[in-house]
Each structure stands twice: as C-alpha cells, then as structure tokens.
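First up is the structure itself, then whatever we jot down about it.
Note that the chains take the letters A, B, C, D and E in the order they are written out, and that residue 1 is the start of every chain.
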Amino acid sequence: MIDHAYLIPLVPLIASIIVLLFGKEGPKSNMPLLSIGAMGFCWLDSCSILYKALTHQVSMPYPAPSLPWFTFGDYPVSLGLLLDGPAVFMTFVVTLVSLLVQIYSLGYMHGDTRFKRFYAYVGFFTASMLGLVLSSNLLVVFACWELMGVSSYLLIGFWFEKPGPAYASKKAFITTKLGDLGFYLGLLLLFAYAGTFEIPMLAQRASMGAVALPVEVATAAGLLLLCGAIGKSAQVPLFIWLPDAMEGPTPVSALIHAATMVAAGIFLVARTQFLYAASPLASDIVAWVGLLTAFMAATMALVAYDIKRVLAFSTVSQLGYMMLGLGVGAAGYTAALFHLTTHAFFKALLFLGAGSVIHAMHTNDMREMGGLSKKMLSTSVTMAIATLAITGFPGFSGFYSKEAILAAVYGHSPLMWAVALLTAGLTTFYMFRMMFMTFAGNPRDIAKHDHAHESPSVMTVPLWVLAVLSALAGFLLSHTGAFEALVHLPEASHGGHHPGFLLWSALAVFAGAAGLSYWLYGRGDFAVAADLKAKMSPIFTLLENRYGFDDFFLLLVKGSDVLARICFWIDERIIDRVFVDAWGLICLLLAEIQNFIDTLFIDGAVDLTGTVTGWAGGGLRGLVRGQVQEYLLYVAMAASLFAMLTLIH
Amino acid sequence: MNLLSWIIFTPLIGAVAVLFIPKEKVTAIRATALGAAGISFLLSLVALAFFSTAESATGMQLVERHAWIPTFNIQYFLGVDGLSLPLLLLTTLLTLLSLIFSLSIQERVKEYFFWFLLLDVGMLGVFAALDLILFYIFWELTLVPMYFLIGVWGGPKKEFAAIKFFLYTLFGSVFMLLGILALYFNSAPHTFDLVELAKMHPGWTEHFQIMAFLAFYLGFAIKVPAFPFHTWLPLAHVEAPTAVSVILAGVLLKMGGYGLLRVSYAVLPLGFKWFIPYLLVIATIGIIYGALCAMAQTDMKKMVAYSSVNHMGYVLLGLAAVSSTGFNGAMLQMVAHGLITGALFLLVGVVYDRAHTRDISAFGGLAARVPVYAGLMTLTCFASLGLPGLAGFFGEFFCFLGAFQRFPIFAILAVTGVLVTAAFFLRMIQKVFLGPLNTKWASLEEINARELAAVLPLTVLTVYLGVWPRAALDLMNPTINNMVNILAPLFNK
Amino acid sequence: MTLTHYLALGAGLFAIGLFGALTRRNVIGILMSIELMFNAANINFVAFNRFLHPDRLLGQAVTIFNITIAAAEVVVGLALVLAIYRKLNTVYAEDYNLLKG
Amino acid sequence: MTGIHLLYPEILLAVLSLLLLLADLWTPSSYGKGLFHVGILCAALTLGMIGITYSDPALQAGGGSSGSLWVLDPLSVFFKIIVLVTTILALLLTLDYATESRTHLGSFAALVMLATTGMMLLVSAVDLLLIFLSLELISISSFILAGFERKSLKSNEGAIKYFLIGAFSSALMLYGISLFYGTTGTTNLTALKAPGGPVFLLSVLLLTVGFGFKASLAPFHLWVPDAYEGAPTPVTAYLSIAPKVAALAVMLRVFLVLIPVGGLELTALFSFLAMLTMTVGNLTAIFQTNVKRLLAYSSIAQAGYMLIGFVAGGKTGMEGLLLYCLVYVFMNIGAFAVAILIGNEDSYELEAYDGLATRNLPVALLMSFFLLSLAGIPPMAGFIAKFYVFAAAMKEKLYLLAAVGVLNSVVSVYYYLRITYHMFFKPARKAQPVPASLYLYSGLALAAAAIFLIGLYPDPFIAGVRLSAQVR
Amino acid sequence: MTWVAFYTFAVMTLGAAFCVVTFRNVLHSALMLGVSLLGVSGIFALLGADFVFASQILIYVGGINVLVLFVVLLAARHSDLVLRQSNAQWLAALLVCGVTLFGLLRGLKAYRSVTLAAGPEPGTAKIARLLLTDLAVPFELISLVLLAALVGAILFSRAEAE
C-alpha cells in the first residue's frame, strides 16, 4: 500500500466531494457512512505504512513516485510525497483522530439539518491536513495549508445562522491569513533563492552551508514560515482566533485542536527544521515564541469558565510547548513531535468528552455544571484519564512527551526550563480546576443536571479508544524507542542522560498544583477562589481580556476600515475628479480667458461687472452671442494680428 | 478565410442576421445570437485543438495574412500564440455564457443582442490581430457597443457611466494611435506588422521608445485599469447590466494587459524597462488601494469592481517582473480573473435580479435559504481572494514570485493587499449569507437553470485551472519563454 | 508723389472703413464702410498698376471687376436689409440676435 | 481663348441654370418640383460631362498652359466631382424638406447650380482674379440660398450675418489681392516670380482670411452657426460641405504654389489655425441643444481636421485632405438627412430625437454611424480619414498638432454621442414610428454604404485619391 | 501740381470717409460716401486710369450710392437721429484699426522710392482688349454674379403677399 500512499489524502477528498455534491441532505442522510468508510480506509492504509516503517520493511524516507504538475518558465513543479517518520506518524494520528471524531459525530451531530455537509467538510478538512503532512512540495503544503484554513472557516461557521459562529469563522480565517502572508513570503523567498519547492531539495541546499543558502536568507525564511505557524498554531500574538473558534461544533474543535489545523503549524516548523538549524537566531525566536505562548495561554486558562475555552487555552499552551521544543535543537525536535502525537490523543479525548458534557447539559459554562461524574461515568472517567495525561502524571502519555521537552529545554537554557516548569504547574492547576468544577461536587444548575444523561455508545466508544491511547501511547512509543527511531534529526545524540532532579521537580510541581486546585475548587464551594478573584481583580481582568490582544486586533480592523474609507473618499473626490473633470476645468479655463479678453476689449468701459457675471457660466458660447459685429471684430483682430506678424518677420 | 477569421466574424454574421429579424420575433433573435456565439466558441475550441504547444512552437500559429491597405502597408494579419489564444478562448466562452445569462433581457432584445455580438467581434479581433491598425480598429470597435449596452440597459446612472467609459477609454486609445503612427514612421520599411516591429527596437533610441511607450501605456493603462486611471471602472461596472459587467471585467480589462505584453514589452523594450520602477509603484498602489477601496463599499457590484482594480494590480506586478514567472503569472491571473470575476458578476446579478438591491447590509443569512447559490458565491469569492486549488491562486502567486525575484520590497508591500482582499470578501459573505436570515428575503428563489448554465462552467473551470494549471500554462509557457529569452540581454544588463 | 503716398491713402481709407464696419450700429452704415474698404483696394490696384506694372493694365481691369462685384454685393445686401427691416423694423445690427450661442 | 474647352462642364452647368431660371419665371409654381428634378438631372449631366472632358486625352493636353487662368488637373477634377456629388445629394434632400413655401423651387435649384459653378471654377482657378470672382459667385448665391425662407426671421437674420461677414472678408481678401498684385505684378499663380518681403506676406495672410471665411476656419468661423441654423436645412447641408471643400482645395492649390515660391514659413501659423479651429468648434459644440447648430460647430471642427492634412502638406497630407473631403461628404450629408427627417417630423432641438431608436431603429442606427464616423471611430470611414491626416502630421513630426487633433476627436465624441444619447437612452415622447420617404432612405443607405465601404475597404479610394493629389 | 491735386483728393476722400463712419445721421453718411467715392475717382484720374475713373463715377457714385440713399430713406426711423450710432466695441475696434494701419504703413513704407517714370496714356482700349481676351472668362463670370444678385434682390424685396 505504501506505493499508493497518495490515496490517503485523495480518498477522503473524493469522498467529501461526492458527499457534498451528490449526497442527499437531511438529518437521516446515509452519506456520513461513506465519509467514515473512506477515513477508515485511510487509517488502515496508514496503519500498514506505519507498521512497515516500524518493522523496517521500508526505509525512511520512502521514495514515492511523483507526478509532474506544471511548468512555468523553466521550472517544473511536481506533485510528490515525502514519506518520512514524522509524516508516517502524523498520518496515523490524523486519520485515527479524524475517524474517531467522525464516528463520535454520528451521535453528536445527529439530527442536524446539515448533517451530510458536516461530514463533507470534515472529510475535506482531514484531506487537506493529510495532503499537508504527506506532500514533498512546499507549494502543495501551502495549498493544503490554505485549504485547511477554508475548511476551518466552514466548520467553525457551521452553525452560521448564529452571529457568533459567523463572526468567529471570519476572525479565524483572517487571523490565520495574516500569518499565512508570512508563509507566502517565505515561500517566495525560498523559491527566489533555491528555485525549487521540493522540501528534500531545499533541505539538501541548506545542508550545503551558507554558500548555498546564506544565513540571512535562512533566518528570514525561517521567521516568515514561523509567521505562518504562529497563525495556524495559534501562537502569540495570533492565538486570538482559537478561543473564538469554539463556536464551532465540538467534534470540529477536537479535530482542529488535536490533529489538523493547529498541528499544521508545528508540523510545518518541523518540516522546515533545516532552516532553523541553519539559523540560530530563528531557532531562538521559535523557542521564545513557544515559551511565551505556553505561559500566557496557561495563565489565561486559569480564569476561563467556558469548558471549551479552558481546553482551547490549554491547547495553545501545549502548542507553545511544542514550539518551544522545536526551538531548542535536535532533542527538542523529537520531543516536540512526540508531544504532538500524544497531545493529539488526549486533546481529542478532552474535547470529545467536553462535547459529551455539552451535549448533555446544553451549556458550556462550568459554573452551571458540577457533580456530573455520577450521571456520566464513561465521560468522566475518560476525561480524568485525559487530564492525567495532559498534566503529565507519571505513566500516562503526556508524562513522557512533556518530560522529554522539559529535558531538552533544560539542556538548552535552564531559565526557559523554569518557566516551562511553572507552565506545567499552571496546566495541572487549571485542568484539575476544570475537572473539579465539571464533575465533582454538587450540581449547581439542577434543571440542567436533571436533564443530563450519558451519551450514546457511538460517542462513548471513541472516548474509550482515545482514553486507552492517551494512557498507553506514551509508554509504548517511548519505551520501545519506536518513535525516536523514526523521528529524529541526523545530528541528534541518542539517549542523552538527564539529571534526576528534572523528574522530581516536575512531580513536585504537579503535586503542588493539583493540591492547590483541590483546595480552591475541589471542595464544593468556590468561596476561596471568589475571594481571591476579588482581591486580584486587575490581574483577572487582564487575563480575561486575553492581555488585550483581542482589543488590539479589533483596533487594527477598525483602523483598516477607516483607511479603506479614506481611500475610497480620495478615489471619488480627488482622483476621479482630477482625471475626469480635468476636461471640464480646461474648458472652463478657456472660457474664462475668453471672457477676460471680451471684457477687456469689446465691452470697453461699459458695464464690466454685469457682463462678467452674466457670462461666467456661458463657456465658450459667450463668444457667439449673435452679435455680428463681434464676429467682424474677431476677423479684424486676426487680420491685424497678421499685419503685426509681417512686421516681426 | 481561415479559422481565426471565422471565429471573429461568426458573431458579426450573427449580428447582421439579428438586425434583419423583426423585433417581435424575440425567440429567433435569441437563438441566432446564441447560435453565433456558440459556433464561435466551438470554433475557438477547434483552434485550441490545432494549436501546437510544443516547446519549439514559439511563433504565430493559424496565421492569416492579406494585404488590406497597401498604401500604408496595412495588412489583414491574424494569428495566435500563447498570449492570445487563452484570452481568445476566454472571450468566446464568456460571451456565450453572458448571452445565456442575458436570455432574461426583455427590453429591446434585438438591439441588445446586436450590440453584444458586435462587441464580441471587437474583442476577438483585438486578441487575434497582429497588425497594429487592425488591432486598433478592433480595439475601438469594442467601445461603441459597450457604450450602448451600458447606456440603454444599465442602472440608474447609466448614461453618465456610458459616456464616461467611452470618453475615458477613447482618451487613452487615441494616444495609442499616435504611438502606432510613430512606430510606423520610424520603422524601416514602414510597417504596422507587430511581428516585424518586434524586431526593430535595436534601431530605436531610448528616448523614442520611452515616448512611444508612454503613448501606448496611456491606452493600455486606462483599459487595465491601472491606478490612477481606474475611476471609470467602478461606475461602468456598477451601472452596466450583469452580462455586460462580465464582459467588461472578464475581457475588456484583459485587452490592456495583453497590449502591454504584446506591444509595449515586445516592441518597445527600452521604454518598458525605463517604466518598470513606475509600473511597480503603480501596481503596488493598485493592489493595496484597490483592495482598500473595495473594503469601503456597501454595494456588492462596486466591491467586485474595485477588487478588479486590485487583481489587475497583480497583473501589472507580474509584468513588471519581466521574467517567465511574472509573465506566466500575469497571463494566468488575467485568465483566472476573467473566469472568477465573470462568475462573481453573474452571481451578483442573480441576487440583484431577485432582490433589486445589491446593498451588502440589506441581506443576511441567505445561505440557509439559497444554499446552492451561497455555495457558488462562496467558492467564487474564495477563488477571487486567491485560495489555492482555485484558479485565482497560481496567477497571483506567480506574479508575486516573479516580482519577488527582482523587487522583493514591492512584493512584500503588495502582499498586504491579499489580506485586505480576504477581509472584504469574507465580510461580504458574512453579511450576506451568514447570520440569522433576514425575513425580508424569506421567499428568495434559488438560482435557476439559466443562471446555473451561465455560472457553472465558470465555476468548473475555476476549479480545474486551480488544480491543473498546466491546462493554461502549457499554452502560454513556450511563447512567454521565448519572449523573455529574446529580450533577456536587454533587461538583465 | 511716390507710390507710398497713394498706398498710404489706400491704407487710411481701409482703416477707416474697417473702423466703420466694426462700430456702425446701422447695417447700412456697415455696408457703406465695407464699400470704403473695397475702394481702398481699388486705389491700391490702380496705383500699383500705374507705378510698378504699367505695361499691362491688369490692375485697372481688376478694378472694373471689383466695382461690379461691389455693386452686386450692395444690391443683395440692401435687399436683405429691406427684407429684415420689414419684419423687425430695425436696421441695427445688434438687434439681429435671434441666432446665438 | 486657350483652354476654354476645359471649362465645358462649368459652362454647361451655368447655361442650364440660366435656362432653369427662365423656366421658373415662365412656368406656374406648381411645376416647381418638376423643375427641381430637372435641376438634379442637370447636375448629373454635368458630372457626366466632366467624365467626358477628363477622359479625352486630347482635351487634357491643353490644360494648364502658362498664363491661363484655370487648369484641369486631377486635383480639380476630384473636387469638381465632390462638389457635384454634394450638389446632387443636397438637391435630393431638398425634396424631402418641408418648407413653408414650396415656390420658386426652380430658382432655388438654379442658385445652387450657380454656386456649384462657382465652386467648380474655384477649384480649377490658378488666378487670383478668377478665384476672387468665383468666391463671390459662391458667396452671393449662398447668401440668397441662406435667406431663401423669406418668411422665417431666422433665415433672414442668418443670411444678413452671413452676408456682412462675407462682404467684410471679401474686402479684406481683395485688399490682400491688391497687395499681391503690387508685389508680383500679376494675379496669376502659374508664372510667379519669387518676391518675398513683408507686404507679400501680408497679402498672403489676407488671402487666408478670405479662404478661411469660406472654409470656416477659426477665427473666421463665427458666421457658421448662425447662418447654418437659419438657412433651410438642405442649404445648410450643402453649405457645410461644398464651399468648405472647395475653399480648402483652392487653398491647397494656392499655397502649393506660394509657399515654395515665396519661401514662406507658414506651418506654425496654419498649425495654430488648425488647432484653434478644432478646439473652438468642438468645445462650443458641446453646449449646443439645436442639432443644426451642433452640426454647424461640428463642421467647423471637421474643417480643422482637414486643415491638419493641409498643414502637414507633402504627398500624404494632400492625400489625407482629399480623402477627408471625400469621406466628409457622405457622413455629413447622412447626418443632415436624418436631421431633415426629424426636423420635418418634429424640430431641430435635441429633444426631438428622444427615443428615436424605438420609433425607427434603422434611422437611429444610421445616424449613430454617421455621427461616429464624424467622430472618427473605426470601422467607419471617418476613422480612415482621420487616420490619414494624423498619419501625415506624424510623418512631418507635427506631434503637437497630432496630439491636439486626437484630443479633439475625444472631445467631439462627447457631443456626437449626445445625439445618440437622445436617440437610444431617452424614452420616446411619442409612440408612433417616424416615417421616412424612399428618397431619404435611399440617400441614407447610399451614404452609409459609402462610409462603411471606405472604412472597410479604403484601398480603391486611397488609390483614387493618390491619383487625384496631383496639381499641374 | 500733382501733389496739390493729390492732397485735395486725399483729404476729400479720407475726410468724407471719416464722416461716413462717424456721422450720426445715416443720410448724411450716405451723402458723405458719395463725396468720398468722388475723391477716389479723382485719385483714379490722377493715376491716369481714365476708364476706371468713369466707371467709378457711373457705377459707384451714380448707381451704388443712389441705391444706398434709397434704402436709407426707406429704412429710416425718427429715433435713429438721437441714438448712438456706434456700438460698445469702439475701443477695441480703434485698437485693431490702429494696429492694422500701423502695420500697413510700416510695410508700405518700402515703396517710398518708387516714383512715376512716364506720363499717363489712355487705357480704355487696352482694358477692353484685356477684358475680351485674357479676362473673358472672369468677364462672363461677373455676369453670372450679377444675375445671381439680381435674382436675390428680386426674391428678397418682392412683397410678402403672394
């Protein structure tokens, strides 16, 4: 199957087009099954590829055939695949998460009037991501990148009748597009220097040193691509779209946060690692952006009450982690991609679980929840597993990946490590806060609580599958060394030894944060928390306002609106006037000259003013007033002019 | 008469035939017009089949040459190459589709189709003519029908729009005529033959080339329209009937870009070279400024019109690059813009026919009521904002790529226009299609078969060219490579 | 007596005629002034003929033609004046201003 | 009398017009229309006569002997034909013209023929005396024709203004001729010595006044709108073409001799005159609301374009001028024909054209073609004509003149299109269709066919023009 | 002796001409025109142009001037005598005339040295020969002009009622 790996993005794409164009729309449409089937096929295919890769039946990167696409000038461009370790793992994760999300959605989206269309979009979304992951051509990567932007636009705004989603989808698209401009320019820059879009060829060129690819170019290109990643992966300062993107259906959030959209940015930076390797400056900036994002997002999650927003901020924070990892060298590279994989599982699980809760409660607000563990056992248990995984509880998958990143960061800069560790503590705190507020204690909204019930098995089964993976994936992949074997940079040193206190400090932070969370939120009433909030309201407000980034961007939008209006005003009032009315002006001028001459000579001293006003509007017609002797005068003037002319000669 | 003549003059035959059908027989008139445009389109497909896309096929193909006015060595000289054929195809296709869309015209049908077919003749001729005088005659031939089409069947300010269009473009083209004459009298032997003239630039001083270039540029820039000569465009587009807006945006603007490549660049390279810095500034301003102006609009059609200013800015940017990449981009962008903006105008026309308003804020939530229409519109908007996978992307991309290779600063500045484009299109979608359904339009009808027949081919082609750009690139690339290579020593100095 | 004397006389007559044609309000006055201009030309013809080209009496012959032409013009002009006078009851040129613009 | 045989056509026409006058005197007024047809026939006969005269090589040989007052060369034949064609067309138009009194149609025809005789002599004349007398014959006939509608005050007023300016410029011209005679000792152009000097120059310039008056060049054009508006419309059509064309022809002939002989540098002056004429004509036309007046200003502007060909000079310029004259005949006659139709039906105001496209589409379309041809839009003949003169200007490197010319053609489009605006864009004020007679239709069709033929296949016409652009 | 005659006639011509253009009463103007034309005929006589002299008196003074007088009388109103007879553009006209005269005189100064070589001789026969040979066509043409003028005069001055 590996020779036909191109089917992996292609099959869902075709399925999605079939579903969209030919399927019957309606709550009871059968078309979702086609979509799920297609994704299942892809998953199996990716499984087989992964299996072959893990068992070394094929060598990575695998030379897949490519298809000539088009030629412009003297540059041929082809459609090719880059099947290497990260791609194979990513494919597996994406297909699996997408498959589970789609199955889950059978329950979650059941009864929606645009049931079929949802699947078409999700299929398209996944296909774009798969194309991005697998393509060897940076141009195709960009294309898929943009298509993903569109799919997210469509899915976030899926319930477009409500103003919220309609606005959020636009915001997501524009914000990411802002980052995409960086990607776009980076692409232009790389092509301008290298004359190719092929990632392997670019990498090869970068490996040839500064002669082939000057450091400044590498830095510039790296930073420009980073802009793209910042947009897509919701890093500071472009993270603002992600919390709003929660307006979409929850399965979509799961997909976006776990496997597709936001992962793409991380994956892009990983794919173009060679640029950052060539430019320490760019690499450092990547790390700092990641760190800053991780920390800021974690702080913002502390004060969120919307269950999905908490998760959204946590995603941003985790993505910051990954970015941080990518910025700290070869060890970080492997760790970041590992975290990307494990994060996919537990974040998907968290969102799907949250979806289950929302499905039951018909609200997102955690203050109206509480005590759900009794009513929704599967959900609460699986969510708990995911929480342990994300907080890095030993043995769960997050533990391995996060520790790896922390270790890599420590090796790079202890200061960064300290901040990252603090962030991990914050993560633990707000995740437990979420769990406590949702599932523990007594119900705070009785009516909704009474109404709530466990979700159907079509929704819970995917939860359990993901729960198993969240629990075990880290252990399996890390201990067997399978992941590192496939995903590593050439210069990476294997099995580096880390000081023991890294682990202990992490565990201590975990324990402290979890305890604090229990003290504040786990005991039924939030009196202490409320008190704290009242005391530190400026900080809370700042956090709730997301450090003012939203306002800043709103200002930007307003500013561009004003600019647009100014431009239009200039267009209508000035440019149009100048180039169109100029004719009129010339005519008027001629008429005025004419008037002047007339007034001067013809009227003599007789009623000068009256004539001027009388003729002002007359234009050249003033010349022909029907007075025959004036006509004669013009002729005579010409004649006398002639007489003078002869004298000059 | 060979194939190209037939393509050009079939609509003329149709027009004359329409003139002789009594005006009461509306169906016969429509059938004749559609038939003529259809045959012309089919013949252009035949031309495509005969057209060689081999790397070596850089010359003119399907050439037809007769002496016409020997006194001035004016010839009836037609031919196509990679520059003209795509635009020729675009013209025949858009004309056919516009005519299909125009079947709903009820008022003065006979005149309408007569003028429309006459317009077609002019446009096709411009792209096929290789003699400058012939080129000029066809160029001017488009003005009159356009004037009538806007003036009779247009919107509230149609008369003003029509005359403004006519005078503005005529103002440009008369200077082009002077440029043509200057070329003629400075060539030895005197000729209007574009192919011959393209070989004569070594004998001309830079000063002469600059002056002649400016004369031509005025004509082309107004047509493109390049900042600051664009102000006729929003008015003309807004006031013109839908099908005419399609032609105006889809074909007429391309004549400017085509002329810049075919005449200004190929015949007057030193003038072109001298102008590049200015062209860059103009293109960049056009891109950003056009997009910003579009953002300020509340009228959908006007917004699309200003977006044309923005998109043709990309074309100019690509031209300023003077490389295969840039030229390919410019050509591709022109074709794509023809398809996409054509579709956009048709779609705006669809809703206008029903709602009698184009005010963006007058709508809301239409996606729920008219999903097919909304889908098509959304797709087209995305194509227009340059989404990969749709036709708009590659043209834009190559334009930027070409420009970036030589003038990165301008490319970087201009890229911001892309963002603004996205912003105003998405805002339009949001306000018109998303959100709660405005109850005023609760009974709005879905797009009908006639309109679909006009729009769908464009949509399909938009997707096709977006996925498989070589369909167009293979046609253009040999010619463009040749053009660039011939003059490369001049420009790379 | 030099030729210039005669020519200056012609020029003077011409200028006076010109002035009259430009300023007389009465159409008949204008007509008379134009006659003066014709006469100025005639003086020139005859004078030139006499002084510079006496071998052939072309100048005098032309003068004969001019006198005849002047007569013809006056006839038509006066008829027109009478015709319009019958309708408008005025001979002042500035009153003929129906056509303008 | 050497070479009198060359004037047989003129003599024939003069005699015929005298006979017509006599016939008009002795026949009852109801026969007027019949006499009119006879007049047309006479003009046609003369046209045939030209053919015979010119095709006989034996007769040709004697033409243009030194000292003769007239020559018969291709140039004069060309213009004679043009003038005669115009005469015939204008007379045909008169048949459709609804005048308040249809009496004296015979005299009318005779006067037109007399004027035509004058023009035919004018284009052949190589002697300033003959030129002056021919001009006077044209003028006096034209004055009468302009005032032919005796009951119309406008007609009277137009005629008297026309007369006053005509007589005035005659006087100026005559003074010029007197100076010319003084400096050269002759009025003949064929055997001219090179005199030079300021007086000679002044005489030439005063001659220009006379020609400029007839050709309606600015600033000698001011009578044009008034006379044209007042005159009966067929006369307007006739006056707007024939005298103008003939005057330009004689200008061409005179200056072709004078400029080399006198060593004159008049290009700048005539360039200026051309630019002024075009600009004044066009800019003023924009404000007109009366179609006759509008066409009057347009004809002034057209004279400006023709003058470009004259200024450019050389072979191309001459050919351009000739071609322009040829084309101008058809497009202007066509436009006036429609004006007569609408004038009969309603009025000469622009509002009368409202919605003509819905009332009579063919006429509206044809009118648009004539107007666009006047504006110089391809593929109508007006474009070829403009192209030719602009080409001549560019060839002589008169860039400013060419630029002003093309800009003017843009301005002119504005007012030409104003008529189409009324015809096509405005709703009709009356519903019933506009009837048109067969005469008018055939006249329109002929003119339209001519402008399209010349526009699309100009080669034979250019060849003809090239043959004609020869003087002896 | 010649110069006395010349200046007499010149003063007569110019003075009368000046009166023609300035007199308020048109009738006086018309009479003054006759005087001026007579002066011109005197100049012709001085120049030895006998036939022209005769023609001038016969046609101009005897014909044209009488005709003018007729029309002046026909088309006269009482109010004419009290109204201004020159229009508002006299200043411009004066300027133009001054410039023209200045230009003309400067140009014509060149002939200051030209004086008469021989005395006059009768020219009538010569003119007649000229008119009937070389200038026969113009001579015939003038008859056409006169005819046209005649037709016009009849047409315009015929009574309305018909």
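Please note the rule applied: a contact is a pair of C-beta atoms (placed from the backbone, for glycine too) under 8 Å apart; a residue touches a chain by one contact, two chains touch by 3 or more.
From a predicted model like this one, the values you see are computed outputs, not experimental measurements.
Shared contact partners of subunit A and subunit C comprise D, E.
Of all chains, the one whose CA centroid is most distant from that of subunit C is A.
Remark: the per-chain Cα centre closest to the mean position of all protein Cα atoms belongs to B.
If you compare D-E with C-E, the chain pair joined by more contacting C-beta pairs is C-E. One inter-chain figure worth recording: subunit B and subunit C are separated by 65 Å, centre to centre, where each centre is the mean of the chain's CA atoms. Here the spacing of subunit B and subunit D, counted between their Cα centres, is 43 Å. Note: centroid distance subunit A to subunit B, computed from Cα atoms, is 35 Å. Centroid to centroid, with C-alpha atoms defining each point, subunit A and subunit D lie 76 Å apart. Residue positions 7, 14, 17-18, 21-23, 30-31, 42, 47, 49, 52, 58, 65, 69, 72-73, 76, 80-81, 83, 93-94, 96, 98-101 of subunit C are each in touch with at least two other chains. Shared interface positions of subunit B, i.e. residues touching 2 or more other chains, are given as 167.
For subunit A, the set of residues that touch two or more other chains comprises 583, 621, 624, 626, 628-630, 632-633, 636-637, 639, 643, 646-647. Touching pairs of chains, sorted by label, consist of A-B, A-C, A-D, A-E, B-D, C-D, C-E, D-E. Interface of subunit C with subunit A (complex): residues 18, 21-23, 30, 93-94, 96-101.
Listed in rising order, the residues of subunit E touching subunit A in the complex are 87-93, 95-97, 99-100, 102-104, 106-107. For subunit A in complex with subunit B, the residues that touch the partner chain are 69-75, 139, 142-144, 146-147, 150, 153, 157, 160-163, 165-167, 169-170, 173-174, 177-178, 181, 184-185, 188-189, 191-192, 557, 560-561, 563-565, 567-568, 571-572, 575-576, 578-580, 583.
In the complex of the two chains, the subunit D residues touching subunit A come out as 160-161, 164-165, 168-169, 172, 198-199, 201-202, 205-206, 208-209, 213, 219-220, 222-223, 225-226, 269, 279-280, 283-284, 286-287, 411.
Taken together, the subunit E residues at the contact with subunit D in this complex read 103-104, 106-108, 110-111, 133-138, 141-142, 144-145, 147-149, 151-152, 155-156, 160, 162.
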